[in-house]
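The following blocks contain the structures, represented as structure tokens.
Both complexes below contain chain A, partnered by chain B and then by chain C.
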Partner chain A sequence: MIYKILLTIWMNLIIAAVFLYVEPAVGFPGEVSRILFFHVPMAWVATLAFLLSMIASSVYLITRKVNADFLAQSSAELGFLFCFLATVTGSIFAKATWGSFWNWDPRQTSIVMLLMIYGAYFVLRSAVPDYEKRRVFAGVYSILAFCTVPFLIFVVPRITTSLHPEDTLNPANPGMDIKTLIFFLGSLCAYTGLFVWMLRLKVRMLRIMDREQRAFRSNF
Partner chain B sequence: MKSGLGFVAAVNLIIWAGITLYLFVLDRRLKKLEQRSGMDVHYEK
Partner chain C sequence: MHPTKSGRWITQTVSSTYLSEAVAIWLRDLRSEFRTRYAVNSILMFALTTLVAVSFSIGSFRIEESERPFLYAVLLWIILVFSALSGLSRSFVKEQESGTMDILKLSARPQAVFLGKLFFNLTMLGVLELIIVPAFILLMGYKIKFPGCFVAMMVTGGLGLGAGTTLVAAMIAQADARGALFSALSFPLLLPLIITAIKGSERAAYGISAAGWPEVKIAAAYAVIMITISLLLFPLIWEE
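For the complex of A and B:
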């Protein structure tokens, strides 16, 4: 409980600081650069969630422990949610800097492909009625889906010309002053904490649902 | 600091308060459901 209260206070401090204390970045119109404190952590959490989903799926396929499948499913769902939010915040940034919400920039195109790939994961899960088969198929698909993540997030936007700003966390060229960097890293930690909190809730929810379904099936 | 930023910060804080409130309520409800169904912390396969 204490970590949840601390996270709530921490997130409030971060929000207040990024709007009222940190200066906007040079080279961007108006105050739009402040979206960095929300957009990048969302994209980071999405990547982390997809990685965790892949690891949990591998664990499930090796051990066949149902808990690992709950973790894989929950993580993929939250990854999809944060990926979608990163797309929305990215579009707001695109409107302010590039003139329109959608430009088919390589970064925007690759994130949509990622959303479609993980959207198919949920379609697959809901299409297989048998629980055991569903978990195996979803586990294999999750591993295959994650193979595309490094390619779509790190490779595609770099092999073509992109409008998307880079080097925000490059140690050789950080592109942000120390005050901005501190609150940026603070925001990354806060979003990671939020992800962990939501993940634990979702896994608990799946456990209860699974238990109820087992009880229901055993009655027939 | 621009005058509109205070308003944007307030809106963000309200959204965040709503999210945390929802998560705390969900947490409590899940705890009650777990207690009602006698679920242990360690899940049995």
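For the complex of A and C:
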């Protein structure tokens, strides 16, 4: 409960500060550079969630502990949500700076690939009736899909050059001013905190559903 | 018949290797395919129908000469990939439908089963490419400057297609709604390969020389990685 309240206050502070306190970055028309504080943390959380899901799947395949699969499933679902939000916000930014919502920039290509892979992951989960088999298949598929990701990172950028801003809006670049950097990191923490809160809720929900189903089946 | 140390029953008294088991499964599948011709017919008819539709609506003169190498490569790979997706799942779905899955589990080691099915799928893809690619070149007037590179791209692309789909076929054979599921699950895994193969075929047709055929190497690397990972993961889904 206290975690929820602190998270709410923290997120509100960050949102207010990035609109009222931080100046927009140079080299971008109008206010569009403020997307940095929302779009990048979403993409970061999506990456974190998919990675966590892959690791939890591997743990499930080795130990066969059901909790690991609950974590894998919840993490994949939240990753999908944040990935979708990152796609939408990125697309709005693309319209504002490059002039079109969609132009198959390498970044857009790889994010759509991720959405397709995890879309297929959920389809596979819903199509296998047996619980144990479903968990194993989902784990196997997510590892298999993870192995194609290096090809996306190395192959797709060979084909076209990216318009995605890397220099002035990259936190690793010394060109970013200190005020922006502080609030960017604050926003990153806020989004990660939000993800952890949602993940715990989702895992608890799956655990309760599983218990109810077991109780229901044991009646017969 | 007698049990081995691990308690598994094998049908042969001579010690069989992974490769000999895989070849036995491959030959058995080829024989049963030769009797029914279900997979090969469905793949080839799908491919021919698509090819005729493309050729009829585009013809050999509609597209500008300078645009052809790229657009024809896209069309060719769309035909190949979707025909392959229409029939490659048969190799495992067949076992499930005829109820021979359990016997197969008892009579061969999982990796050997995977390799046998992979060989069978690669044979199907070989037949598909041998018929469709020359037909496409003839019907569309596709001029290729570097035939060697083009053939290498077709071979490695076919290898990648087989490698990326065989494990998915084994999974969907044990799931509901098999037909649609196979394409939905395979396509995201195949997309990097398809992009590479289109780029490689385009380059071969244009005659832009690149040192060492990079796309051919990428497709070969994709095939090797997918086969290795599948060999590691296959026992998990096979012995459920």
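Structural remarks
We adopt the following convention: the second predicted complex is superposed on the first by the 199 of 220 C-alpha atoms of A that agree within 3 Å, B and C clash if a C-alpha of one lies under 4 Å from a C-alpha of the other, contacts with A are read in each partner's own complex, and residues count from 1 in each chain.
Quick note on the criterion: contacts are C-beta pairs under 8 Å (C-beta built on N, C-alpha and C of every residue); 3 or more make two chains touch, one makes a residue touch a chain.
Bear in mind that the values here come from a model prediction, so they are computed numbers and not experimental data.
Once the two complexes are laid over each other on the shared chain, residue contacts for A:208 go to chain B alone; chain C is not touched. Touch criterion met: A:148 reaches chain C, while chain B stays clear of it.
Chain A has more of its residues touched by C than by the other of chain B and chain C. Of the two partner chains, chain B is the only one that A:31 touches; chain C does not reach it. Applying the stated contact rule after C-alpha superposition, one finds that A:62 touches neither chain B nor chain C. When the two complexes are overlaid on their common chain A, residue A:127 makes contact with chain C while staying clear of chain B.
In the superposition on chain A, contact of A:140 is made with chain C only, not with chain B. Of the two partner chains, neither chain B nor chain C is touched by A:6.
In the superposition on chain A, A:116 makes contact with chain C only, not with chain B. No residue of chain A lies at the contact with chain B in one complex and also at the contact with chain C in the other.
Per the touch definition, chain B reaches chain A in the complex via residues 1-2, 5-6, 8-9, 12-13, 16, 20, 23-24, 26-27, 30, 33-34, 37, 39, 43, 45. Note for the complex: chain C touches chain A at residues 164, 167-168, 171-172, 174-177, 181, 184-185, 187-189, 191-193, 195-196, 199, 214, 218, 222, 225-226, 229-230, 233, 236-237, 240.
By the touch criterion stated above, chain A contacts chain C in their complex at residues 61, 113, 116-117, 119-120, 123-124, 127-129, 132-133, 136-137, 139-141, 143-145, 147-148, 151-152, 155-156, 158-159. Interface residues of chain A facing chain B in the complex, by the touch rule stated above, are 4, 8, 11-12, 15-16, 19-20, 31, 65-67, 197-198, 201, 204-205, 207-208, 211-212.
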